[in-house]
Amino acid sequence: MLRNSNMRWRLPLICFVWEIAMIVLFGIFVRYNDEADPHWPIFMKHENITSDIENDFYFRYPSFQDVHVMIFVGFGFLMTFLQRYGFGSVAFNFLLAAFGIQWALLMQGWFHTFVNGKILIGVESLINADFCVGSVCIAFGGVLGKVSPVQIMLMTLFQVTLFAVNEWILLNKLHVIDAGGSMTIHTFGAYFGLTVAWILSRPKLKQNNDKEGSTYISDLFSMIGTLFLWMYWPSFNSAISYHGDAQHRAAINTYCSLAACVLTTVAISSVVNKKGKLEMVHIQNATLAGGVAVGTAAEMMLTPYGSLIVGFICGIVSTLGFTYLSPILSNKLRLHDTCGIHNLHAIPGLIGGIVGAVTAACATEGVYTAEGLKKMFHFEGEYADRTPSIQGIYQAAGIGVSLAFGIVGGTVVGCILKLPIWGDPSDENCFDDDVYWELREEDEEEHLGAA
Amino acid sequence: MLRNSNMRWRLPLICFVWEIAMIVLFGIFVRYNDEADPHWPIFMKHENITSDIENDFYFRYPSFQDVHVMIFVGFGFLMTFLQRYGFGSVAFNFLLAAFGIQWALLMQGWFHTFVNGKILIGVESLINADFCVGSVCIAFGGVLGKVSPVQIMLMTLFQVTLFAVNEWILLNKLHVIDAGGSMTIHTFGAYFGLTVAWILSRPKLKQNNDKEGSTYISDLFSMIGTLFLWMYWPSFNSAISYHGDAQHRAAINTYCSLAACVLTTVAISSVVNKKGKLEMVHIQNATLAGGVAVGTAAEMMLTPYGSLIVGFICGIVSTLGFTYLSPILSNKLRLHDTCGIHNLHAIPGLIGGIVGAVTAACATEGVYTAEGLKKMFHFEGEYADRTPSIQGIYQAAGIGVSLAFGIVGGTVVGCILKLPIWGDPSDENCFDDDVYWELREEDEEEHLGAA
Amino acid sequence: MLRNSNMRWRLPLICFVWEIAMIVLFGIFVRYNDEADPHWPIFMKHENITSDIENDFYFRYPSFQDVHVMIFVGFGFLMTFLQRYGFGSVAFNFLLAAFGIQWALLMQGWFHTFVNGKILIGVESLINADFCVGSVCIAFGGVLGKVSPVQIMLMTLFQVTLFAVNEWILLNKLHVIDAGGSMTIHTFGAYFGLTVAWILSRPKLKQNNDKEGSTYISDLFSMIGTLFLWMYWPSFNSAISYHGDAQHRAAINTYCSLAACVLTTVAISSVVNKKGKLEMVHIQNATLAGGVAVGTAAEMMLTPYGSLIVGFICGIVSTLGFTYLSPILSNKLRLHDTCGIHNLHAIPGLIGGIVGAVTAACATEGVYTAEGLKKMFHFEGEYADRTPSIQGIYQAAGIGVSLAFGIVGGTVVGCILKLPIWGDPSDENCFDDDVYWELREEDEEEHLGAA
């Protein structure tokens, strides 16, 4: 029996009701912060700022736009490698991100910029909302092609909520550093997505392996996503670092790590193939692992060669994961991970957390200057006495918390999504746009150039 | 009888003569402004500026580049949805925009930055030229596939001229605010294009509906355009706002409006389809209406929830337009609008004008501060006594003027383009690159993956 | 006999060994500069800088990201026009650039920012590394489809080395201006690539002309590369200009030149075709020649109309080159130039060098101000007495040196690459991804939509 995957009432209802809820909540809570409000000139005088150029907008807007491209074009096109699921990949990613950023502005606002009953937003809020949604895009990669848009919307709602709580615990309670989100975005997002994918597993899915493959053209579309992610990752990891040297350094470290990662990805891709031929899936994904793994430490004194080492290792680990680990997970654990987020986000995310913990623990005043050390790790107020080695321990704890949030949260949300009322596709319709998209008759047969 | 659509002498002649005219006019008139001239250090001292970073270049260049991407990749690829007209879409858009920005630098320069017989240009001039050309790209969407490159060049020449006059009337005579161009760019551009399309209507065009369709691959190419437009729209609406809080606020409002618009677009797209399936044409276009409709008010105190409301409404109106209004216009009024610019630019542009007028009329010193209100609406000099409610009336008048300029100008230009000497394609060759492009033999039959 | 093009050990070995070498050399030499180091606040005090916004990061990072996109998406996708070599185009470009930027950071660092035994890097170093790699991407266009990834890696190693030496001679010994690299990047890169291509020439290659062609879809992918190169070229030519007016002016000049170039490209493309039809290869390539040819003079007082003239000429010359010169080079000189780099980079690069020399020679204190003239041409220290006309002569010498470096260097490197041990493809496998990529069975036959 074919399930009822007709979206006609469920999807519109969710979109309308939730968007109206957003409007009401924004109306009650969301206002501009001092730098986006006409009171800015008064704020300038008060803060002794002499030029408009010191508005945070000019420090962060270029990075924001790069991050924005990563979320919508980067993740959206990266997932178009599926030959018959290009519309779903790029457009459902679009939908979830457009909803997710609104909800994230609220959730993160309540935790971080809630003043006198109002959430005050500015360019940094937009970046943080995009970051939060990034974790949903990651999780979406695990269930790609196997869920309905209604399930995607539900997952987004819950995951953004959990993200905000986890982030708050890490940043405000454990007081850890995670500017590029190795822990909050990648570890949490990937393990959340993998757990959901595991709970929604479809034991009989294997028949339609043909639809799950890529074609020559779909692989090229996917490379658009890869390259925009790769190129703009320095902006991602530096977008919310503190002004000046930290933003500068985070961009340099990420640039270095990503460059090294490409070489080891190519090396492993060639060596694991009998004829030494490269596989596009490795180039599309594992080359990005270096960016994930410097997410926590990018703004620290990781040094350029330290960054190269991280990228070097991640290219190897990630490519080996695609080659050897994914088949095992799929066959032995019934963990079907459409985009291989385990190899691209989960393991590199964990590595990134560890790299961050070690780099933090090794920090010295000699390297950072006394003032710099305080500034870097916010050793102020109640944390004034924290030492780098203690900081390292808290950083490590942050990995555990993110992992736990991902797995426990993913379990709960996975069970909710498993209810048979959300219109998910039958096994034979997985990875096929035809279920949720109005296609021309020819296109139903002839997708992305597949004969 | 096939018309003579051979471009061999007409197109080169126009390109050469006009480009030489540009060189001569630039030679006579165009110079660098104070911020792009070696006299900048002297200007700095004179203006008491202490750092190079306060050069307008650093305030606006990132936004300029984003706008540039919207014009060339955004509009160019958005129109590649036609299965056999990909070259024409992306390359004729390239041609018209490359010519248009030069002519716009002159036209807008004469009106706005003409000092001592010279037009002084800087980064803001480049943005304004891109904006002006944006209105031509919009109009091009209405006649896409039905005109020759010579007609496109003619249309660009006339439309840029009219744009500059209309803009001058709005900004300098009516003294209205329209930083993101709901009125000057979208309303004017769309109604101009629609009028031209209506005058050039081809009653017998319906036969080749097959060529007018999209394919799976052409729809994915089109999504590249959609996403770059969507992502960079916050830069578009904030690019020429005044420094500091206005740029900041315009970006936030546009971000919010666009996010809301995606959800209602998806909702309506699903609900109007019998099986609840989504249509790609809605996602490609209607999701952008929210950006159009906050073009006038983005830098005002529209508030984040106000922006959500505008996006909410525009997603609905635009998607309904594609579903119900376009067929009526096409069948009843013989108004064939290839890209649906009526739904994406005309109506949302009108809404944007109205939203701007209302937001302006509601402005108070309590919200903007006394100083902020003056700055926002330029209540200075001869306009020092204007009140917000009077401003609202002038804003509303700006809508009417733009509409009139679009329709009257479009009528005149349409009649000129209707002359049978410009090499337009015969009906059976519409929407087919084969007329103006040297294609490989296979490609003449087998375009974008269409079987 | 089929050559052994199996990469299984050679490619991984090179990638691993070289990346380890990078790590070691970075460990010994590379550190952050003052603006990316936690000592930045101390540096600020020392230099009397009052705000973080004056960190060089904020002057250059947006331009850096644009350049980054040009190298990876621009060049990568530009070369995807080959119907069966899309993977190789985009991914080998990715590989060579990722390695090249690391090696360039070292080579350029030793020459330019070597202080107390350490190379100090910052955002400008990243831009310069991308620039250096740009010259390799250009050369890669000449040999595209005819070499193995191992040969590409070797070429990158040698070319980056030679680039750095040539650049050092031009900038430090001849003391010339070349901010956008008409000489160092384009002239050197193109003649280097052409010489290598000539030495590696394959007399029997002509049979597989079918594989060398493009398809409708591959041409559209290629336009993604073209447009990102075209749009971001103003950032390329202004990225390392001095702060303030020079960056501003360089962007304006490049914008103008590129706009003019599009019109003459279209004109010539139409006029050389019997039926007046346009060819996509011209639009993809010759429209960019205007950016190449203002690479040296962009930051000088070239004036907007001077820029239009340069673009005007280059569109003509480049398109004529594609039409008439390329076939001659290929048939008479056995110089097979896959992407036509002779027309896009070599000749426009030479023109750019000449334009730079003339513009420099014509510089006057009246136009630049006395202070501005010194600043523009660095007439300081031992060069304090140099006059503009002398500068013009040195600029011209820079063209000759770059040309010589390209040709002599290309000869040596070409001979090394000609050794039969690097796994290059047999003639019948040229321009075919199947040699180095694991393709699905269908895809081996059916590439980019080619029937």
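We call the chains A, B and C, going by the order they appear; numbering starts again at 1 in every chain.
By our rule, a contact is a pair of C-beta atoms (placed from the backbone, for glycine too) under 8 Å apart; a residue touches a chain by one contact, two chains touch by 3 or more.
What you see is a predicted model; the values in this text were computed from it and never measured.
**Student:** Interface overlap for subunit B and subunit C, more than half of numbers shared or less than half: same or different?
**Tutor:** Since fewer than half of the residue numbers are used by both chains, the interface counts as different.
**Student:** Give me the rotation angle that lays the C-alpha atoms of subunit A onto its copy subunit B, rounded to the nearest 5 degrees.
**Tutor:** Result for this pair is 120 degrees.
**Student:** Rounded to the nearest whole Å, what is the centre-to-centre distance of subunit B and subunit C, using the mean of the C-alpha atoms as each centre?
**Tutor:** 33
**Student:** Do you know which subunit A residues sit against two or more other chains?
**Tutor:** In subunit A, the residues touching two or more other chains are 50-51, 53, 58, 62, 217, 224, 449.
**Student:** If you look only at subunit C, which of its residues touch subunit B in the complex?
**Tutor:** These residues of subunit C touch subunit B: 50-51, 53-54, 58-59, 62-63, 66, 213-217, 219-220, 223-224, 227-228, 230-232, 234-235, 243-245, 247-249, 251-252, 255-256, 258-264, 266-268, 270-271, 273-280, 283, 287, 301, 303-305, 308-309, 312, 367-369, 371-373, 375-376, 449-451.
**Student:** In the complex formed with subunit A, which residues of subunit C make contact?
**Tutor:** It is residues 6-13, 15-16, 18-20, 22-23, 26-27, 30-32, 35-42, 50-53, 55-58, 61-62, 65, 68-69, 72-73, 76-77, 80, 86-87, 90-91, 94-95, 98-99, 101-102, 105, 121-123, 126, 149, 217, 221, 224, 436-440, 442-443, 445-449 of subunit C that touch subunit A.
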